[in-house]
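These notes open a run of structures that come right after.
Two complexes follow with chain A in common, the first pairing it with chain B and the second with chain C.
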Partner chain A sequence: MKKTLTILLVVCLVLTTLFVGCKKSDSATKSATEAKAATKIGFVVINDESDQGYTWNFMNGMTAAVDKLKAEGYNLELLVKRNTTESSIAKDNNVELAEEGCAIIFNNSYGFEPYMLEAAAEYPNVKFVGMTNCGGQVDENPNTYNAFASIYEGRYLAGVVAGMKLNQLLAEGKIKAPVVGYVGAYSFAEVISGMSGYFLGIRSVCPQATMKVYFVGTWGDATLEEAAAKALIDAGCVMISQHSDTTSPALAAQKAGVFHTGYNTDMTTAAPDASIISCRINWEPYFYTFIKNYIDGKENPADYTGTIADGAVALTSLNEKIAAPGTSAKLAEVEADIKSGKIKVFDLDNFTIGGKVGTNDVMYDGFAAVKGNATYDGVFHESEFQSAPYFVGQIDGIEWLNAAY
Partner chain B sequence: MKEVKTPLIRLAKRADIDKRKAWAIRIGSILVALILGMIPILMAGENPFVSYMIIIQGSLGKAGYIRQTVKRAIPLLGVALAIAPCFKMRFWNIGAEGQITMGAIFASFIAIKLGPSGLPLVVMAILMCIAGALGGAFWGFVPGFFKARYNTNETLFTLMMNYIAIGIVRYLQGGPWEGRPGTQIIPMFTSNARLPNVLGVYCGWIIVLVMVVIVHIYMNYTKQGFEVAVIGDSENTARYAGMNVGWIMMRTMLFSGAICGVVGWMLVSGANGTLNSDVAGGVGFTAITVAWLSQLNSFAMIAIAMLLAIIGKGSATLQTRLNIPASVADIISGTLLFCMLACEFFINYKLIFRHKKEAEV
Partner chain C sequence: MNALVLLFAAAGAYGTALMFGTLGEILTEKSGNMNLGVEGIMYMGGIFGLLAPNIYETAVGAGNANHFVAILLAMLSAFAIGGLAGALFSFITVTMRANQNVTGLAMTTFGTGVAKFAGELRRLKVGGYVTLSNDLKFAFDNHFMPQFLKDIPVIGKIFFDQNEFFYMGIILAILMHLFLTKTKTGLYLRAVGESPVTADAAGINITRYKYVATIIGGGISALGGMVYTMTTAGCVWIEASISGTGWLAVALVIFCTWRPLNSIWSSILFGGLMIMYLRIIVPFFPMELYKILPYVVTIVVLVITSMRNIKDKQPPASLGLNYFREDR
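On to the complex of A and B.
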């Protein structure tokens, strides 16, 4: 007994002395930050950065915004709860961050919101932001917010790039029919709005293009996404795009010798001979503005839609090696036209639904938190009533191979 | 010749151990665990002493933290109580996860179908509780029946049943009970299907404390509890004494499943507010540790469930404050549990080294 005890104590001592150094430096930095009382920013995220897509993109935006604000002299501390599930864990994590003294807590997944709203009711002095969601702006708590971006504009631009490539392939006689394949996650507004924007972008330069969509029924599953991409390629698709989280559709395209445009992240490193461009949401401006406004004592909007004009909708760098000649110039031109309002993505003249001009009833998502008539002046006004997408029209020319809710 | 054959270390069952020694081993094992736990913290580049302080502070340091800790302890305690009778009769029910989930499904059915009709909260709570108990009992009864009838392996059986129950929730989440299509989310229950808070934590904590007493009485002062204990010691003895072993197994599984189902109800109605496939969230497995560490003593389970909740909540805070991976926190709590379980081994067995008559641990 004594012997064991002695050994225990000795091990204890050794460990303590060994790491006294790190303890000192640790407490030194801690007391320094505490002296200035940093504003704590909480971030509840699904997955973690290793997904190289969804949360990775969010975290990049957040760290960039925090670094920028720090450089401007704002004293911030970022607390992150990773791998949060869309369950009461989401509430626990929000509560924990609130208890830790966070002034603002951002949530990056749609399914967190109901739990976030419960936490928000318990902590009225903390600001809660449900990103990609729409409930916070309509509930009775003044401390809840929503944000998303008009990513359909980015999709449209990616579509222009894809369309130009299809034109080139047609002109060179390498393909017979410009058929595009789209790997979607779920058949609901966010995905439908994005794929429709993409298709209309393609159509704007390659009017005879058609598109097949396959829904995989998950946000991220490399195997399923790859299988879907392969099935689409087998069905004659020569251009693949995706609204799903992994790079496996890009890899499938590369393997089969067809082309690809991506989402969330630059996929050209994964598939250098296939992936031409990706569009993504750049969250940095939103995080930056929201935090800055808060600390400066200014109000933030209950709902915010990032646009191409304010840099929230962005494209990754064009893969010049495989892009059709003249793509850069065309891209710049279309981007300028979207910014100026000359091009409206959901211009009713550019598409039909069931052979007819789209009506609000068939295009507006009945599940959106904010309802209204977005169809006026010959345009469907996406992301104006609420930031979360609500276009659910089934455009002619897009063939749904399945539906996955 | 003899020398060669004797292994370096032999094990021998301890005839009896005095209480002081037993406690010394227990405390020693916690110390060992704390020292081993330092390794992952050091590897993450943090100070272990600060980290341990954060674990305590983050779970008990503020009223808000204590509420969160208690919230974690509720299902752990409830399920430990549920599986105790099974383990007592050496029926290895590792299907609590599925029984919780099934109870949650049944309770959710009531919430979703009857909630909007505006029934009063008390009526809803009673109906949901009964439904939950029925769901859990049903899911527990199936492996109990097959074990009693065909002597199937209950460990595998109950384990597989977990996946089926979770699969059913996934189906409901993406199908008939889904709110907005594509979200895979069942909408929050109406307020009459939500358990109210008492002292800031949903009132499930009162229910589990009542269950502690009930299970204690059931196990120690009833004929049924006695039968369970006899089967646990020797099935043949039980048979010889004229007990219907098969029926007792099924009955115990019904009882155990029903309690799990009630926990499932409390989770959907109290903690979550709706049903999702994470509803059990591993509680069914962690509770096995709780039951085992407390040696199936209901009252000891309160302390052990709280201890595990403290480690769990404290680790979450540790992860937030030091920005270390959650897995480090998991390794620490895993190490602690492992050492605590292992120490029971050293309480029951002693090591005998070669050339020595006896050696202490």
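On to the complex of A and C.
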């Protein structure tokens, strides 16, 4: 009885493998003919769209770009590797996508790049793009690229909104001192550049503002971000902002009756009484142009910085219910000034470091892949030498309550 | 001094979630079932505890939602899903006689997956954050104690400036303590956990006690997940938010030596240790050391209790072992 059962099972298994084999070759021939036409785009992402923050923002940009190109007649197929951790899994995912025939593989997190570069060396015919980082443009492989956006300008604009709100609260006597709290992730240049841009935006309308920063040591953790926001509020902060992935700081601000500006996503639906505006990077133009250039046979720059003018830096809709009166108009005015070059975010006249005018040595990140003298003409030129931010100056008025690497 | 007070006051919210998780697990472990699936159960409690008031509010319209009904719905749905998970665990370990550790770990993965799936499904349906209207949000994290109590120095901030679930947790801990030490059923439950052989010989229905304890314990743990989502995460479903809390609860059960009353102060202590690096900055003390403090403390407690070998501070003797009457 047992013997017959075993033989039966084995026969079934063999038959199934045969059938599977058949199907595979069918679809293999089908996809082979299709693959000649369809360009495969790979995307390695940290988390997935459910974070409604960082990766969701990236995926929105990517799907919008792919849909736009498809509408123009390009034959594309998007393959996504979600929930990739910043570890050797990133390399495995890059390799898998390359094996599946992707022509371009985008990586969306800072920590993926070392692993992506390893994969890039093994697949010289595939293009690898490491966003937010800077190693791809300087390594010896010509198939690696970097990209980011001048988000510090978006931060500056968000800062203007925050500063106007602070002025309103001061005028109404609701707060004693305009202290701003910032929930940062790591003490990297990307975070420091963003928070400094934000602070300078606030200072441009509210010169007596000061800022306190807590670094939580991770890009996104609801518990720690909430605890950091609460700690900042207990330390007297009345405006909270963040460089981290969850909505906890917005909710903590709302619970405490203070205000908030966000990042990556519109948080006004989560905290309608606290969140005024958020800034984010719009990746669609970059993805669209990069993929289109590739298919059309044109070169893509090894490093690319999207600006406000390109539409790469965007602000989410202003929460008019709680924004200070006149914010909308002021915002439009400042945005036009930044586009025209009349306002420079890191204008050396507007801040000091250690009591003195900032010098390149104290402001330029020693860990940047591309180094240079960005301090000239009375301005620190962020995102000019490389797209990944490299401003690390510790501006007077910003107090670091801890550090995290 | 003030920083310490503020630290433990802030630890209250996260500590409450831990407290519920721990209390549920204590009840389960007292019966001899070691349910390592607390992480999965808390995750599920977190999402289902949010989904119920969310669906209720969508049905009646924002602004028409009754606060008590919303809180009740949240608690009931979280408890129900936790109870179901506990029943599943019991079925697999008690009736099907599978290994408890393996089942618990499988339940963690399963629960996390179910929770993330449910959350994502709702997020796609809603087309945005899965959350409640501001009106309901305040109902859940309501520090309802009168101001004069909150103004008492030191104790006021720590004990009276907390949300309603904190006090529910304390009452639950006291009730559980009374149940376990002063009632006959509690005594039988402890007997089942210590020596099922003896209890079986005395005519106690082992299966029933294990089932009921695990179901109710699972329900209480799931309430912890609900408390986390509604207070710390501010009534918004954030995908990876609860991760790690369930494991902390398992560690906490050991830390408070399986006694419900200990869970009150130990969960606040743990909550405080978790966020200590943000409040009390000691120069040169690396952040990573702060973050492992809660776990180091747990290991120290475990070592001390096993060294001193005091009878009533030991784990239930048959913890983690399935009972087979045939082996008697």
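The working rule: the second predicted complex is superposed on the first by the 370 of 405 C-alpha atoms of A that agree within 3 Å, B and C clash if a C-alpha of one lies under 4 Å from a C-alpha of the other, contacts with A are read in each partner's own complex, and residues count from 1 in each chain.
In the analysis below, contacts are C-beta pairs under 8 Å (C-beta built on N, C-alpha and C of every residue); 3 or more make two chains touch, one makes a residue touch a chain.
The model shown is predicted, which means the values in this text are computed figures rather than measured ones.
Applying the stated contact rule after C-alpha superposition, one finds that A:Leu401 touches chain C and leaves chain B untouched. Judged by the touch definition given at the top, the superposed model places A:Val95 against chain B, while chain C stays out of reach.
Of the two partner chains, chain C is the only one touched by A:Leu224; chain B is not. Of the two partner chains placed around the shared chain by superposition, neither chain B nor chain C is touched by A:Ala71. Of the two partner chains placed around the shared chain by superposition, chain B is the only one that A:Phe367 touches, whereas chain C remains out of contact.
Chain A has more of its residues touched by B than by the other of chain B and chain C. In the superposition on chain A, A:Pro114 makes contact with chain B only, not with chain C.
Once the two complexes are laid over each other on the shared chain, residue contacts for A:Thr85 go to chain B alone; chain C is not touched. Taken together, the two complexes place residues 217, 404 of chain A in contact with chain B and also with chain C. Those residues of chain A lying in contact with chain C across their complex are 47, 50-52, 214, 216-217, 220-224, 226-228, 230-231, 234, 246-248, 250-252, 254-255, 269-273, 401-402, 404. Against chain A, the residues of chain C that register as touching in their complex are 6, 10, 14, 116, 119-120, 123, 128-129, 131, 134, 137-138, 141, 232-236, 238-241, 245, 274-275, 277-279, 281, 287, 291.
Of all residues in chain B, only 24, 28, 31-32, 35, 38, 42, 45-50, 62, 64-65, 68, 71, 174-175, 178-185, 187-188, 267, 271-274, 276, 278-279, 281, 316-317, 319-321, 323, 326, 360-361 touch chain A in the complex they form. Against chain B, the residues of chain A that register as touching in their complex are 1, 4-5, 8, 11-12, 15-16, 19, 22-23, 26-27, 79-83, 85-89, 92-93, 95-97, 99-100, 110-111, 114-115, 118, 186-191, 217, 367, 404-405.
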